[in-house]
Amino acid sequence: MNWFLRGIRRGILTEKEFPQVQWPSELHRSKEGEVKCPTDALKEDRWDPNRCIFCRACEPILSPTGRSVQAQVKRSEPSFRRSFYLYPIDVGTCGGCNLEFRLIASPQHDMTRFGIFLTNTPRHADALVVMGVMTPKMEEVLRRAYDAMPEPKLVILLGVCAVSGGILGMPPDIRGDVVIPGCPPTPESILRALVEAKSGE
Amino acid sequence: MVSDMYLQIDKFYLEIVTLLTMITALALSLWSARASHVVAAISSSLFILYGLYSGEFRVFYVVSGLVWLFSSTFSALHDRERWYSLTFSGTLLGIMITLLSQNYLEFLTGWELMTLFAYASIGVYRREWRPGYTFLAFGEVSTVLLIAGFILAYQETGTFLFHTLTDTLPLWFTTFGFTVKMGIFPFLMVEWLPIAHGNAKPSLSSVLSASMTLAGVYGIYKMMSLCPQTQALGGVLILIGAFSVLFGALYSYVSDHMKGMLAFSTIENNGAILTALGSLELSADPVLKAFAQFSLMVYVVAHSLAKTGLFLVAGYVHGESMSTLSTQRSFSLEIGTTLLTASMSGLLPTVGGVAVWSLLETLFMESISVGGILGLIPLLAGVMVGMGEGFATGAMARFTSFTSLVRPRGGERGRLVLLIGVLMPVLALLSYLLSPEMAGAASLGMFSNSLIPSGYSGGSFGGISPLYVLIILPILSLITYLASGRRRVRTVDPWDNGSGRRLTYTSFGMANNIRLMLRFVLRTRKGAVETSADVFWRAILQLVRGYVRFSRAFSRAYMNSSISWYMIYMILAFIVVILVVFL
Amino acid sequence: MSWDVISETITQVLGVLLLSPLYAGILDRLKAVVEGRRGPSVLQPYYDLVKLSRKETLLPRNAGNIFLNGPYLVFSIYLLISFVIPVVYPRPVIFTPTVDFLGGALLFSLAGFIKVYEAMESSSNLVTLGVSRALSFSYLGEATLLTVFIAVALITGTNNPYVTMQYVQSLGHYLFLPHVSATVAFYMLWLFETGRLPLESSGMSEMGMIDDSLVYEYSGKGLMLLRWGSYIKSYLLGSVFLNVFLLPWGLLTGPLGAILDLGVMFLKWMVLILVTLVVETSLAKFRLFKVQDFLAVALVLSLISLILTVIGNG
Amino acid sequence: MRIIGDLGPHCLTSEGLAEGPCKYSRPTIGEGGYGSFNFLYGPSAGGLLESVAFDILTYGESIEDVRALSYKTRHIKVGGLPLRDVLFKVERINVPFAASHTIAFLTAVENALGVSPPEEVVESRIAQLELERIRNNLLVIQRLAEAASFLVPTYRLLYYVEEVNRAISRSCGHRYFLGANYLGESRCQELHLPRIDVEELRDLLSNRIFIDRLQGNGVVKEDWAIGPAARAAGFSYDARLEVPELKYRDHGFKIVTESKGDAFSRMLVRLEEIEVSLKILEGVEVKPRRFELPSREGRGIGRVESPSGDLAYMVQVEQGSIKELHLLPPSRINILLFLRSMPENIFTDFPFNWESFGIWISEAEVSIS
């Protein structure tokens, strides 16, 4: 059948509410007990999402709530309110963040309804989305990409690797205006963070 | 009446003085090259002055004068060899005599002078004579045809003076004699070889390419004015011209040799001029004739001056191959080249744009007025010209890119180029002075006489106003500029996916798409080039054996598609056209 | 000249200037819906332009005057053309005689020419890649643009867009075979000139870029002007297609009519947008060299139209 | 016997370990004449999901020769670490193939310790591998459709990818099987199947333009090819039939092959395999299960059929921690195949050929010490 007709027949599949995900989601302590966390995401009983890789080593002492992991927006840029173009750069990922990031374009999530788009040149980009742990050869590339973007611009750290280095290495040394934890962060949490970053809500 | 007579006398003296100065230049060259070039420049200016007074051939005179002025100025600045200055001024003198000639004998004298000096000049430079031979050989072919034509004319009129004829045969002979010199189909090595072979300096290249071919046009135009109209010749010229436009442009697009691609573009332009001549010969309608003449004249102006400028650009570049040359760009060179190439690409508001516009307009109007099958000739020609313009735009963009746009900034040079470049819009402005007396449609918001309407069949078929475009565009740009407010500018490296590599693209690579897409026409193999020198081609070139070897080497290095195929297309085109018209 | 003319001119030019992005927005929104997404707002193009106008302009190290100032020129060329052809108002307005169809075509190529030069000045590989492609198709593109304009000009015996428009309004001329084939040819050309599928599309992959590479190095105001310019270009060519080829009817005259014409044009555009929507969502992108064949077909169609007309006359 | 690839110092073959390194035929190196130049694509390109650069020798538009330059090489230290921490790192070598990596690794460990997991665990692992295969094949086809700007299918496939991810998350808690497998444990609760209309996907083949982009593009005939690339070339290579640990034969699994070996055949194979995998999934049931891992020493190899071909681990275990670890990722071999199949094409064929292999740089360029 002609794909135009197929498209018409399917109708709009974009969702308002997204199904719950257990891992990764906000963790809370449900039992007492000692936990050996491989990334010391647990310091004096405080759970630090920016370090957690959701490896389930602390189960069942900590258990998932199903609430999507909260991103931290340090700076937002109101002029991107209705038009927000992203340039993703991968400095050493496992491929998970790349995939989840692309999935915010899926019909269920549809980033474009918020005026969010991807672009293939930093010249047109409003935000640099950094993913993965720092690898030596990518440092220079990252710097060039940041340079190549016109002001005003935001830097978004996507995934625990970019935020804290996770279990595999060191984070890229670039100051993030928006920090999205998770391993990998779910499309839902990415989308929430982006919407907040561009409008400050 | 009296003043008129004085004018005649003044003109006569002016003519003598001009010739004498050029001869002086010739003599001076034995003593000092620079002095000779300066005097040649003076003589050229006098010739321009003379041209302004003279009647229907005004345009040819003034344009040739300008070409000489620019090229001799360039030589005065850059060339030092006395031999060169001798042959250079000799060539100019030859062309001058040809243009001023009052009868066939004078004409031939000038023609031969021009041919011989040009030949010498090509040979002297680099002390390599073979290309010179080729040039001479074909120069003589044309001369033979001319003599034949003139003799026929003499038999009819019994005088060597230019006199109206009743027979069209002389026109046929001479026309082909001249087209040989113009380097149209198969004889294009006359035009193309010496230049592309790098055996001519920039200034001479521009003279050969702009002024000498112009002499050919002048010849045809003159003979046409003497002979009765023949639609057959008109059709032939239109189609041959159109073929030359299309293929000249195509080969200019794929050629990777700097002067070579300019030479091919000259063939393209000569083709367009030939088409204009053809449509002048084809149409019966007086309005249309007038308009055809207008487009012919504008094209002559546009081609000669722009081409002169572009050849001078080559003077500021080290190396001949577009992919390996090295140069620096300066404001003058960049803007100058841009304006020149804009005109070469036939874009408003440059004179080249007016030329292309009027030529196409002529062709399409003729296709209506002539009607029937014959009406298809200008139509097809028009489409071929259209495609040719497309190729020309591409070729010119590549030329500008790799001679200035992508080059590092360097010292301030090439003001002469900028000057000629600025002429392009200015001449577009003046073009309505040339326009046949149907201008001045006092239409909505037009300045009087600023319009060049192709008045046809009562209502205006169409029209453009270069003046108008030239005034409104800057104003609108300024408004846009002011309206969009001030901008913060920051200089950064180009974004190359973050690799930090600079531009590696070669000129060859930029043209390669066409090489791949038109593989079946260009006979190119991937990257490398097919160099099949076939029988027919050898046959033509018995007298220029060296050329075959050269064409192999050349095609491998620069043409990257075998030149012989170019020849074949041209010859086939020629044959087809002849058949079409006579059957 | 009367105040009517001036007001009509203003309506036409402002109409072009302000409404052209809207149609792009509507098409994108509809595409998204067919793709099963809610999609961006129809006003998205405006939002983008506004944002870009606030951003910094980046100048590649090797670039200079042409790169910086080219966009203003390109924009004003399209602006100038909007004075010249019947894209909103059916009668000549101020400046209309500046150029005819052919001159208009030459102005379009001038804009393309400047775009290429300014892009080349940034001397980047990715830009040159796209430029070399754009140039390699221009020989067919320009020829088709010329022949299509001439085709309709020959049919009507004039090169003046406005006269042409009135002429083809009569049904007999409208269904005239040459006019039909010319119409098809022009639609194919429009798809090419405005970078639509099946010829190109602005995806993420640099390897497929043709026209995108011309703005690849641009940012801030320069990018805004070029984007806006291409919206206008798309609108101009599309409106000529609608008013002179596909639906020459329905435009009103007079100052009040000029205002209403904006609405009429909107309805006409809906037709064009729906057709294009079906084309774009049913087809995929051709291989690069197939674009040539596509254009060749367009050229041949317009040629057929020409030949038929001339033989008809003779 | 067939070559699978270099595993540490050895060459892994279908018969087992052989003397390494594997013997590959020499690639033909193209050289440039007048006007040729090197065009660098990448490292950070919008057209590529990951960071990698390709140095293309070209005359403009034509591709004479391609070399890949690695940019995002991650150095992962595992030597001497306890099994648990190594597992966490192995899971994150290439998350899109997390199940394949984890299961191959755990199989290797179990072989090293000389235990064979119980039925339920095996079933759960088959389920995970097939779900992952479906997700990845959908993604590959999606990338192909996107490269051709085939708008509606692009988003349709993206929709399915998301649906599979959700099914996985409902079945095993995490959208990419992270933490779903553990030492001596399989944690997937129950199997939720994604609803995929394979007939609809077959409609992709009704579009001539789309097919034209793929046919004759990137032909692979090498007999040392693996996974879909091999099967597309007519070789019936598949670890699922060669490896004893995972009992695929019991689930009526049959190999899908094509003959042409071009990007189109690779897509067809992946398309058919989606259906095959769905069939297999209907036959399996998943429930969580623990089992005992003895604390012995030894070395073992674990191999599975990842969505893009054979994936193998070789481990040396000593008192509960890793002494030695070697990885054979499918992408490493697929890149070789890609580079060899690229010449003679033009630039615009590049994305199609690249995506058709389903290569992940993350696993190809990781260095484990």
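Descriptive notes on the structure:
Letters A, B, C and D name the chains as they come in the text, with residue numbers starting at 1 for each one.
Following the convention adopted for this analysis, a residue touches a chain if its C-beta (ideal position, glycine included) is under 8 Å from a C-beta of that chain, and two chains touch if they have at least 3 such contacts.
These numbers come from a predicted model, not from an experiment.
Looking at the partners of subunit A and subunit B together, the chains they share are C, D.
Among the chains present, the centre nearest to the common Cα mean is that of C.
Judged by contacting C-beta pairs, the busier of the interfaces B-C and A-D is B-C. Using the mean of the Cα atoms as each chain's centre, the chain most removed from subunit D is B. Subunit B and subunit C, compared by their mean Cα positions, are separated by 33 Å. Here the spacing of subunit A and subunit D, counted between their Cα centres, is 24 Å. Computed from the mean C-alpha positions, the centre of subunit C lies at a distance of 45 Å from the centre of subunit D.
Look at where the CA atoms of subunit B average out and do the same for subunit D: the two points lie 62 Å apart.
Among all residues of subunit D, those that touch two or more other chains are 39-41, 43-47, 60-61, 150-152, 155-156, 159, 207, 346. Each of the following residues of subunit C touches two or more other chains: 34-37, 56-58, 125, 129, 132-133, 204-206, 216-217, 220, 281, 288-289.
Taken residue by residue, subunit A touches two or more other chains at 3-4, 7, 10, 13, 89, 107, 118-121, 123, 141, 145, 148, 150-151, whereas all remaining positions touch fewer.
In terms of inter-chain touching, the protein chains here all touch one another pairwise. Residues of subunit B touching subunit A in their complex: 488, 490, 492-493, 495, 498-500. Across the complex, subunit B is touched by residues 1, 5, 53, 56-62, 64-66, 68-69, 72-73, 75-77, 79-80, 83, 92-103, 106-107, 109-110, 112-113, 116-117, 120-129, 131-133, 135-136, 138-143, 146-147, 150, 153-154, 157-160, 163, 206, 216-217, 220-222, 224-225, 288-289, 292, 299, 303, 306-307, 310-311, 313-314 of subunit C.
Only residues 32-45, 53, 58-62, 64, 346 of subunit D touch subunit B when the two sit together in their complex. Across the interface of their complex, subunit A is touched by residues 32-41, 44, 47-48, 50-51, 54-58, 204-206, 216-220, 223, 277-278, 281-282 of subunit C.
Taken in their complex, subunit D has these residues touching subunit A: 43-47, 49-51, 70-76, 84-85, 88-89, 91-96, 98, 139, 150-153, 155-156, 158-159, 161-162, 165-166, 169-170, 173-176, 178-179, 182, 187, 200, 203, 207, 360-363.
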